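Next, two complexes with chain A in common: one pairs it with chain B, the other with chain C.
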Partner chain A sequence: MGYMSKGLLEIHNAIIKGEITPLELVKEAVSLALNDDNNAFEYICANEALEKVKRLDDSKKDSLLYGVPIVIKDNYSTKDIPTTASSNILNGYIPIFSSEVVLRLEEQGAIVIGKAAMDELAMGGTGTTGHLGMTYNPWDKSHKRIIGGSSSGSAAAISAGITPVSIGSDTGDSVRKPASYAGLVGFKPTWGRISRHGLFPFATSLDHVAYFTRNVFDSAYLLNILAGRDDKDASSSFEKVDDYTKDLNKSIKGKKIAIIKDIVESISDKTILDSFYKTVEYLRSKGAIVDEVEMDNKLLKAIYPTYFIISSSEATSNTACLDGIKFGNRVEGKTFEEVMINTRTKGFSSRIKRRFVIGSFSLFKENQQELFVRAQKCRRMIVNAFNKVFEEYDAIYCPAAPSIAPIVGSNNNNLSNEYLIADNYLAYGNMGGYPSITVPIGFEKNMPFGANLSSKPFQESLLLNIANILEEGTELKDLVAK
Partner chain B sequence: MKEITKETLKIAASKMMFELSEKECDELMSEIDIIVSEMNLISDIEGVDDQEPMVFPFDVTSTYLREDIPTPPIDKKEALKNSKDVVDGMIGLPRVIK
Partner chain C sequence: MSDFEAVIGLELHIQLNTKSKMFSSAPVTFGKVPNSSVDYYDFAFPGTMPTVNKQAVIYALMMCNALHMIIDDVLMFERKNYFYSDLPKGYQLTQEFRPIGKNGYLTIKLNDSDIKINISRLHLEEDTCKQFHTKDYSYLDYNRAGIPLIEIVSAPEIKSGTEAAKYVEKIRSIVTYLGISDGKMEQGSLRCDVNVSLKRKGDNQFGTKVEIKNLNSISNIQKAIDFEIERQSELLCSGIEIAQETRRFDESLKETVLMRAKVDNVDYKCFTDNNIPPIKLSAEFIKAAIESSPELAESKLKRYVSLGLSESDASIILDDKDIANYFEEALASGCSIKLLANWVNVNVKSFINKRNVEIKDFPIKPNELSDLILLIQNSKINNVQAKFIFEKMIETGKDAQTIVEFMGLEQISNKNQLLNIVKKVIKDNSKSISDYLKGRNRALGYLAGQVMKQTGGKANPQLVNKLLLEEIQRRK
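On to the complex of A and B.
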């Protein structure tokens, strides 16, 4: 295995020792990307990356991102690089500016080598709805299992050992669940912690910048680079930025961790439960106080529909600019209205139209109070319930998903506790804006699975500390699909 | 809640400025019962209507006066780069006045 299968520190040390140059790293990553058989990419920036690495600023040599190839989800604007959000409506669109996230990474010397495939416009959780087709899970060579979404290509690229980090986005669980299916660390910091300028909006009140790494240290390091106020994003926070790597190895003795009993009890997979409880014992052995906490089952079951109504409704206005006039591949018509209707009818897939129809229906004058506003009220109840847990506990810890990566097309019982709670509860992290991280905890049928830790807003240092101790216990770091 | 028929779905689509084919409409109709059952899980929660709607995760104070520093505007060539129909340095659009 080459350098692209390693973590940031190892790659950096190899550069410093002169074992490899940034140009060689980029060539390795581009070659791997060009040979990718998981359909992870929308666009491979081979020429752009090779040009950029030749002009790399040596003064950034101390940064762990100096000369490091990265992959960016295709819903982030990248100057002069095609950006479609895996939707036909944006085919051929080339942004004239880069998102703040990309600027901050490039400022440190990172080299974008590719734009990652995703569920169309980030509205999906399977990685099967992008306009170039399904993204495969690199752990399953038969290509039968999904990798999850919407940040499917970002997860596949790092899991397949193409780059050491990749950027995704997370509106419901779009980084944290694929991380579980792909054996990765998937981290979504607090809402407002990282600027969203240049990230195509899906549901503004729920959208977060999020990313994948191979270990917790790399996640903490990336946050040092990405966190902080950006005047271009009115929702970005003025909250002080820490050095998120400095407390990673602190003792967790006395830290209080809550397991939400109803979430764990809705899972039937014995291997996942056994591994999860082993990690609980490990955390206890490190001095953490881990308790099972009750939460209203009805409220937990309402997380998914609440998320679905709010996100679909917010999406209706956020995508109004994709009309063939302001943005989007124009399909001609006799009038302005015809141009918009023809463009959107042809440009959006059936799955996206489904979301928009539900959103539009929820916003009908006669339905708005009963659907959209009631969902917003329910969101408050859900967040209040989790805030109450956080009054007493430092973190909440549960399995990230009820299963290993499912086989594509496998049917769920959409009204079961397992589906409504265990498979979809992670959206509480978006509703409350909590920092939330998934780390690998085990394997079943040679497929990885993970568990999730979340904490109060802006408590990233503590959250990463607990996640790092957990990672030491599982010894599941720097995983690459073999 | 308004009863959901194929007609309702088509109205919702038209408000979103796109059309649904018959196939798309039938597929969505076949999922409606589940979607409505999921939506009803919210109504089942006691006291939900007594809450204030939550619009964002938490309050963010973002009012500030930026410094009045001139920055270069977008270059015209750059701004027109994504347009497939440029006429005399402007974006061409369909005629709206006959």
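On to the complex of A and C.
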């Protein structure tokens, strides 16, 4: 017992040595999932997983994913397995095909043991808005603290030691922020690096496949499996796929890393800042050149509203098929319009409808220039500013969040610099499509927190290299909430 | 009416006959079991994504070229968002901001003069579901959802129902000759929406626009427009303002009737689809697409006229692309273009009309018809024999030469052989000779008929006439 709180290599070695079988691994994970008290799951595939592991193709024995239980966020289409994106409107929806990510994982012998709870339709950052209620942070046994979202269940399942890896999605910071709150590695590769086919779209231009692992090596290994062109996703890249594990231990001597001064300065938490600067010193000791870089404060503050307008606008269109006629639980009416209105009124929570109102309003002809198009221009300016930093630096490094996982319901000052910048800046990675990774760097009140590294598009090898060196320094890997 | 002039703009939606759909790999089919030609994407399953059909792009480029349009070499698609039962995704992918073609034109012929009609834009998009309504239920057929469409928008400068009909006929001819659509209005593969408004002659101010939908034939387009011009001018003359509305053409009433009043224009909240990154069309790709275009009717017409065919005969042939293809193939086998046109326009067409079949089911192959005509041209057979052989060819499937040989039908063109018969006929019919000499021309026909009778219809008629006249002259 206890294999589910290890990394992929350890589990694999145990299988090779015959210490444990895939069937036993799956039984362990399923039983842990059934006993989960963090509300991490939408659906536990107990029978499906046991069936699949019995039919496992042992030609894949060399894969580190062979026989490994995994958890998939509930916004990935999974054949014959209910998929709701934690929204009532999709209750009872059972897809007839699996997303490309799931196909590639299963092809390696991974076994899906559960679908993870999330913020409704991935539109949220707290993990409290799914139709099954709040997902708890396993590090806080009092169940007062959030784990963050929207990939809340995926983060909770792995930090609670139920599976070694889990798949999430990241449109603003939906993997990289919860990773900070949960003591995990949260990685979002370049936009187009991994096929989005089968991922329920929220905001097409910002959506990324992303995932949680317990260490940087596992993130690199997963990318080897998931990266690469998929003809079903026209936006997936033809860019060559590397072996992302091979450069992990390279020296980072002479690598240039930028700290965005305004982001760090908007943070007030001393413990976080201290730990952060300790890691900076460590990176310097490894030969990296770390500089503080200035950036227009107004642009940084514009990230969140820009993200909000663009994502809400795209969301209105991406969810339009959920109208009770094509998809979505139908609520009857006298005309097709009534069916659509009734279905959508009943099916979506008020938070989602609020986003739709904002999105539609921004797209109206009379507002589009002033809101949607302006947000797109603003996005371009933000990306230009970060591109400029990347002209000189290999990576940007900042704390991933200004605090440890907040207590649910605690009030933010929504106009403070800390909220507008440090709490929401990670969306720059989605706007520019940059690869971006959060790794744990410390603890405060027994709660973990992390820092984030991002790089130029398709520089995943370099980014993972720096992240791995950082992990060696912090020695914070394979963390599981005890 | 005389105080007003009509301002008419047409929007045509044309289904492309590609193998697969615009954004999915489902086959494009017609008349198949409902919901059998569909892919996950066409049903809008959450998480499915579009991939652009290259052939549809090639077809659109061919059409842009035929309409002399400026081609945009960056391919992008927008989402046109609206909620409707026949729209699977809740948005339609279309080219709102950057149509693949713009600023083109075509010329139509009206009363022997050429009229140029400008075309504002041509863009690619996807079709919606087909709906069937019964008393209690509505049914959706997704087979149509996602079929590639090109939308062609004319400038608002068409002036009459006749011009509009000619314009649509021309577009239909171009798409069928390019082979990119079957262009069948009655089956909905070519659809036409019309905008009609009136303005005072010489005025720059446009009147209120009325839209006419559901026009299922070219003649109805013409009738609907003519009716609408009449209706609007009557209203205007009585001082009644035109309401902005959508009307449809009622075939039994032969009138346009109100469908719905148009309040404000629908706001489609268009924005660019990010699942399809902008695609750069290389100059070579565009060139190859254009060069792959088959010859259009206009160019064929010029060629036929230069070969000696009358414009009207050529136009009749070219009216139907399949018949024109048949004609083209027969022509390539070397027979006379005039004789061929005559045979195709008269005998071939009468057969396929009578049997209600299509030219592809016509039993005589183009080269076989050409061979038959060559026998006439070379005076091997006469027209009467040819008609007989033509029917035998249909009946037996044998070629002309075989039938001629088998039935001993070869025409007698041997002068001495015929002269003997002619002399005998003249000797036996002295009354007819005197009749003819008195000016009764019909008598000559009678004598020729007698010669034909004696030869079993095999005599070369021109030669018989010539010999008869010579002999009669000699006896005068």
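To be clear about the criterion, the second predicted complex is superposed on the first by the 481 of 482 C-alpha atoms of A that agree within 3 Å, B and C clash if a C-alpha of one lies under 4 Å from a C-alpha of the other, contacts with A are read in each partner's own complex, and residues count from 1 in each chain.
Heads up, the rule we're going with is that contacts are C-beta pairs under 8 Å (C-beta built on N, C-alpha and C of every residue); 3 or more make two chains touch, one makes a residue touch a chain.
Just so it is clear, the structure is predicted and the values come from calculations on it, not from any experiment.
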Partner chain(s) touched by A:I325 [first = chain B, second = chain C, both, neither]: both
Chain A residues touched by each partner, larger count belonging to chain B or chain C: B
A:M340 touches, of chain B and chain C: first, second, both or neither? both
Partner chain in contact with A:R196 - chain B first, chain C second, else both or neither: second
Partner chain(s) touched by A:I96 [first = chain B, second = chain C, both, neither]: both
Touched partner set for A:M431, first chain B, second chain C, both or neither: first
First, second, both or neither for A:F356, with chain B first and chain C second: first
Partner chain(s) touched by A:L299 [first = chain B, second = chain C, both, neither]: first
Chain B and chain C footprints on chain A, overlapping residues: 93, 96, 205, 231, 234-235, 316, 323, 325, 327, 336-337, 340, 360, 364
Interfacial residue positions of chain C with respect to chain A in the complex: 40, 43-52, 79, 81, 83-85, 88-91, 138, 140, 267, 269, 271, 273-277
Contact footprint of chain A on chain B as seen in their complex: 1-2, 4, 8-9, 12-13, 15-20, 23-24, 27-28, 31, 34-35, 37-39, 41-45, 47-49, 51-58, 60-62, 64, 66, 74, 78-79, 81-82, 84-85, 93-94, 96
Residues of chain A touching chain C in the complex: 76-77, 85, 90, 93, 95-97, 99, 196-201, 204-205, 231-235, 313-314, 316-317, 319-323, 325-327, 336-337, 340, 360, 363-365, 368, 372
Chain A residues touching chain B - in the complex, by the definition given at the top: 92-94, 96, 191-192, 205, 231, 234-238, 296, 298-299, 301-302, 304-306, 308-309, 316, 323, 325, 327, 330, 332-341, 344-345, 348, 350, 353-354, 356-361, 364, 366-367, 370-371, 373-381, 383, 414-415, 420, 430-434, 457
